[in-house]
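The structures come next, written out as structure tokens.
Shared between the two complexes below is chain A, which pairs with chain B and chain C, respectively.
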Partner chain A sequence: MIGANSVRKEGRAKVLGTAIYTDDKFMPGALHGVTVRSSVPRGILREIVFGEGIAWDEFTIVTAADIPGTNRVASVVDDQPFLVGLGEEITHPEQPILLLAHSDRAEAERARAAVRLVVDELPAILDIQASLDLEQVIYSTDNLLKEIRIEKGDPAPIWAQAAHVVVGEYRTGAQEQMYLEPNAMLALVERGAETRVSVWGSLQCPYYVHGALKQLFGLPEGRVRVVAMEMGGAFGGKEDYPSVNAGHAALLSWKSGLPVRLIYDREEDLACTTKRHPSRTRLRTAFDAEGHLLALEADFVLDGGAYATLSPVVLSRGAVHVGGVYRCPNVRIHARAVATNTPPPGAFRGFGAPQSLFAIERHMDLCARRLGLDAVELRRRNFLHMGDTMATGQVIREDLDLPGLMDRALAEIHYADRRAAHAITNTESGPIKRGLGLAVFMHGCGFTGNGESHVASVAGVEGLSDGTVSVLAASTEMGQGKNTVFAQIVAEALGLPYELVDVACVDTDHVPNSGPTVASRSTMMVGRILEDAAIGFKQSLVQQGFLQEPYTAEAFQAAVKKAVAHLGRLRCYGQYHRPPNISWDDKTYRGDAYPTYSWGAYAAEVAVDLDTYEVRVEDFVAVQEVGRVVNPTLAAGQIEGGVAQGIGWGLWEEVTMKQGRMVNNQMTNYIIPTSADLPRIRVVFLENAHHAGPGGAKGIGELPMDGPAPALANALENALGPLRLDEVPMTPDRLLSRCEEVAHG
Partner chain B sequence: MADQIMLSLKVNGQSHSLQVHPFARLLDVLREDLRFTGTKEGCGEGECGVCSILLNGRLVNSCLVPAVQAQGGEIVTVEGLADGQRLSSLQDAFLTQNGAQCGFCTPGMLLAATDLLQRNPHPDEAAVREGLAGNLCRCTGYVKIVDAVQTAAREAR
Partner chain C sequence: MFDICELHEPETLLEAKRIFNADPGLKVIAGGTDVLIRMQHGGLAGAGLLSLRNLHELEEIQLLGDGTLSVGAMAPFAQIFQSELIQKLVPILGEAAVSMGGPQVRNVATIGGNLCNGAVSADSASTLFALDALLKLQTLDSERIIPMKDFYAGPGKVNLLPGELLVAILIPREGYEGMGGHYIKFAPRKAMDIATLGVAALCRIKDNCFQELRIGLGVAAPVPVRCFEAEAYAQGREVTLETVQEIARLALKPAKARSSWRASKEYREHLIEVLAQRAVAEAVKRAGGCCADEK
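The block that comes next holds the complex of A and B.
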């Protein structure tokens, strides 16, 4: 079963158009909710003015003063209010102030436009440098949402004695997840003797939302229910934000006593929901005369927006990845997430690593040029191998073969031949210049540090009365294939055909907390727990005399039927246990940052038109080692989709901010790749089973986001010659200005 | 101006008559009044293509079409592609090739692909990529979608 191309469990409903997404769910008598937001980046809210021409008595109106529990969104730090009250500080221009609901959607929209906010404006901080310079103190005493230092050896004495010291600064912009289904939430709050809050939504992490609603309403565990509907994409964009809009929808339902629909349109979704953190990375590296890396110093800064949200953990992943896949005896990493008066960024596939890996993988090409070495050769001389120690002190214990990965990518794309051919044709007079570039990188699987121990995920299997088996986990399906892969893992563990295993609806009343659906952790972490649970389930059947091994599928089904008839509910759970030999100290940032890593070597071929500075990706090869591949077709789909997003981030996707607001918040002017913009992405898996995951699987989802941007930048430099390609996206405007720098010396 | 107008149209072969707002979008009439929720809304401005349907045999973004323009018209939505429980060759290929991941672009993509294969029964890869360029997908990187369309085209041969 593991290794088979099983067909997507929910695929049939998706191609028939019968899969029910949040906005497809019919709720009779539901009101339409809307959110009134600030438009200034910073100030004190003085008054809410309800304009004329609106029948306000027909509306349900919720302000901060109405909130029954705690007006703070439960997160890493509980610093973000659901709504800002009178006299309180507005800290970003999309801040929710007031909620309205009406039975007529158009009327609700009209009312939203009729509300006027009186705000005493305060000077705002709108970018990283202004925040670091403390032009205004807007968060705590130092504008820092989180600061991390990672130290290994001592770089200080190296700088003076090294043969080469190379310094670089790299920047990346915000990126929108652009899931095709905007954020959507339905709520129903029953207010009898006992208040009971239920929400149905497009969300990645049911138990995050569950926790947020408990805190918002001051309710115990059993009185909040969260159901994950079919989800039209997420990519991290529905990791933390749904705690906010679920709270808003539920508040409106609580006040009105009616079901409430809170469905964002695209413009609102783009303007106010989370994005990839903008970053600035400064690197200093020292090499000996043979090109061996002696020291690395990194100053990694993320723009965390107005509240901490997930920035501390995004920063942590980014910081751990900033050294890349290279052996280095002396390291100093200083990482900071700074506050600005902009809507808080959040999770987006890669979670800080694409930013820092863009920096190091671009920097390695710069170093190679300074050292007079080929970029491939410089990487080869410095790759991590089994037994080497990473910046946090983590020892590589797996049979890692980075040269093999890189060589496979180079061979697939005919790197040397095509580079040589382009070197000749690029000297001709035509406007098209071609080049090839490479990036080699890793992605830590699962949560950073002690994350998995803190969550202590639980997942299980249940025998049903028809003899089939149901998977119980709060992990959500967002297109990645969780339903299918979980069913395959459990079917494999039980020795059953795939068709006899299905996945239970993700409803917190029914499934245990298997943790959030993030961090490339579902297959490896939750899958491993499910494997344990399935084996426990089988052993229980055997020990209680319902089943004898070896068995056929029919015998198993009959045994489950009989057991359910005798015992009633038949469930078996497993829980995460920290693997032996893994340790992490959160105070010193020493130890095993991740139980294991997935590894990638990506190569890109580009063509630049010097008349328009448009870039065409002509070929793209993605080679990775992700342990055992559970479902090759689904896994390839993950890689292809991730590479497409990475290409988009590298070349086209630019969030334009003005006074802290996204001003290109439409699909017409925020450009994601179409089918005509991309080449056939070529995917190669080199398998190397890892003991931590089920059947040897590691994480897949985020890895493909890490490699494309630096591979493209390196390819562009190969096409155009030495160039300051230190920032993504590499839009025609930016590329032109970088080329002009060279022309003007 | 009348508050409501009478609209008559055929959806997937079935006739419907109903009262709608004079400026109602066809998308809302299909989703909210007739409950054909297979058709999705992604942007409301004709950029993403997830609301694609066939109106009188032409591929249109139903978010941009005033419902009155469908007066007397024939519409095909995703719900009209299968023959009962039997999937169309495109639906089957999307299912087996993993052309649908999150599935939100899938209904529109299937309609756009149906339209493409009607105009060009055996498109090469470039023609498929060009033909589907009005329908965005954020999950697949389009490889499996292109493969699914070409597989369906081959099977129809």
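The block that comes next holds the complex of A and C.
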């Protein structure tokens, strides 16, 4: 079963149009909610003025003063209010101030426009440097949302004696997830002696929302219910934000006594919800005369926006990945997430790693040039191997073959031949110049550090009265194929046909907390727990005399039917256990940052038109080692989609901010690539089963986001010659100005 | 969220003109790909709409007796691109039509709507400018035929009288006969995008000399423009690489590029020059000419 291209569990309903998304869910009498937001980046809220021409008595109106529990969104740090109250500080220009609900959506929109906010404006911090310079202190005493130091060896004595020291600075911009379905939530609060809060929404992490609603309303565990509806994509964009909009919808329902639907349109979603953190990375590296890396110093800074949200953990992943796939005895990493008066960024596929890996993989090409070595050769001399230690002191315990991975990518793209051919054709007079570039990288599977131990995920399997088996987990299906992969893993563990296993609706009243659906952890971490649960389930059937091994599918089904009839409910759970050889110290940032990593080597061929500075990606090869592949079709789809997003980030996708607000918040001016803009993406899996995952599987979802941008930048430099390609996206406009820098010396 | 107070859907042009005459405050809607977006953003609140979608008489593309090609204002872009007449006589208009939006948009968006919307980025506008096209405008009791340049009044503004409808685009025989043409739409991505620049070049070549050259630019100034200096320079000159380069340089003259977050002024001006050169070079080739260095 593992390794088969099983048919997608939810595919049929999606194809037939019968899948129920949040906005499709019918609830009689539901009101339409809207959010009134600040328009200034920073200030003190003095007054809310309800304008003329609106029948305000028809509206449900919620302000901060109405909140029954705690006005803080439960997150890593509880610093973000659901609503800003009078006299309180507004800290970004999309800050929610007031909630309105009405039975007529158009009327609700009219009312939203009729509210005027009186604000005493304060000077705002809008970028990383202004925040670091403490032009204004807007968060704590130092504007730092989180600071991390990772130390290994001692780089200090190296700089003076090294044969080569190379310094570089790299920047990446914000990126929108651009899921097709904007954020959407439907809430129903039944008030009474036992208030009960229920939400149905487009969300990745049911138990994050569950926790946020408990805190907002001050309710115990059993009185909050979160149901994950069919989801039109997420990519991290529905990891932490749904805690906010679920709270808003629930507050409106709590006050009105009616169900409330809070559906963002595209523009509101783009302007207000989370994006990839903008970054600035400064790197200093020392090499000996043979090109061996002796020391690495990294200053990694993320723009974390107005509140901490997920920035501490995004920073942590970014910091751990900044050393890349290279062996280095002496390392100093200083990582900071700084506050700015902009809407908080959040999770997006890669979670800090694409930013720092862009820096190191771009830097390696720069180093190769400075050292007079080929970029491939420099990498080869410095790759991590089994037994080597990473920056955190983590020892590579698996049979890691980075040269093999890189060589496969080079062979697939005919690296040597095509480079030689381009060297000739690029000297011809035409405007098209071609180049090849490479990036080799890794992505840590599951949470960083002790994250998995803290969550202590639980997942299970249940026998149903028809003899089939149902998977119980809070992991959500967002298009990635979780339902299919979980069913495959359980079917494999039970030795059953795939058709006899299905996945239960993700409803916190029904499924245990298997943790959030993030961090490339569902297949590897939750899948492994499910494997244990399935085996436990089978053993208990055997022990209680319902089943005898070996068995046929029919015998198993009959046994489950009989057991359910006898026992009523038949469930077996598994829980995460930290593997014995893994340790992590969160204070010193030493130890095993991840149980394992997925590894990738991506190669890109680009053609640049020197008349227009347009870049066309003509070929793309994605070679990766992700343990054992559970479902090749779904896995290849993940890689292709991630590469497409990576190419978009590298070449086109630019969030343009003015006074802390996104101004290109439409699909027509925030440019994501179409299929016409992308090459055929050639996906190769080199399998190397890993003991920590089910059937040897590792994480896969985020890895493909990490490689494309640096591979493209390196390819561009190969096409055009030495160039300051230190920033994404590499738009034609930016490329023109960088080429002119070279022309003008 | 469409705040629409009334909708008229006449079956004939005469009926449409009567309704519009009686209530010139109505907003005319053709394919709806611009009007409905504006309404969704809260614009035109409470508008009454006059829909032309049932006026099939305005969808016709035909060759008139005097050689004028008449394109009905309600012809959708997909139909224009697929029209044999257009492919044969003015393939450049087909190029412009197919560069617009994606298939779904091209199935409903009409050429008349594209022009009357007044957007400087309209893919058909720069091409029709270069074709010396005329616009046939009618009210209930009058008709006038005006050149493109008199139609554009400013960004998003066109000269339509109260109760007046654009019924057809007329491309006179002299506008297209014997001309080779090329339209370049420049946009960040290859589909579903709005032009950063549109360049339409048309030329007639005899003995490898320019008999006539016309260049239309979109998104280079607040309204679509013609490059008259470049055109005058070309007149009678031999087609050489140098001539084409000088034409491209002169094509910058009518441009009023400005910096916006979409593109800098420098980059826009750079684009106008290189793309004008490309468009003219390709138009020359299609007209049977040859740039000196390719001989």
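In this text, the second predicted complex is superposed on the first by the 745 of 745 C-alpha atoms of A that agree within 3 Å, B and C clash if a C-alpha of one lies under 4 Å from a C-alpha of the other, contacts with A are read in each partner's own complex, and residues count from 1 in each chain.
By definition in this document, a contact is a pair of C-beta atoms (placed from the backbone, for glycine too) under 8 Å apart; a residue touches a chain by one contact, two chains touch by 3 or more.
Worth saying up front: this structure is predicted, and the values here are computed from it rather than measured.
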Partner chain in contact with A:A644 - chain B first, chain C second, else both or neither: first
Partner chain in contact with A:T731 - chain B first, chain C second, else both or neither: second
Touching partner for A:T612 - first (chain B), second (chain C), both, neither: second
First (chain B), second (chain C), both or neither touched by A:T656: second
First, second, both or neither for A:N664, with chain B first and chain C second: second
First (chain B), second (chain C), both or neither touched by A:R171: neither
Per-residue touch tally on chain A - higher for chain B or for chain C: B
Which of chain B and chain C A:T674 touches, first, second, both or neither: both
Which of chain B and chain C A:P182 touches, first, second, both or neither: first
Those residues of chain A which chain B touches in one complex and chain C touches in the other: 668, 674, 676-677
Touching residues on chain C, where the partner in the complex is chain A: 1, 3, 42, 102, 186, 188-194, 261-264, 266-267, 270-271, 274-275, 277-278
For the chain B and chain A complex, residues of the former touching the latter: 31, 35-45, 47-48, 50, 77-79, 81-82, 87, 91-92, 94-98, 100-107, 110, 125, 128-130, 132-146
Chain A to chain B touching residues, read off their complex: 7-8, 10-21, 23-24, 26, 177-182, 230-235, 265-266, 478-481, 633-634, 636-637, 640-645, 666-668, 672, 674-678, 680-681
Residues of chain A that touch chain C when the two form their complex: 105-106, 109, 113, 611-613, 652, 656, 658, 663-664, 668-669, 671, 673-674, 676-677, 731-733, 736-737
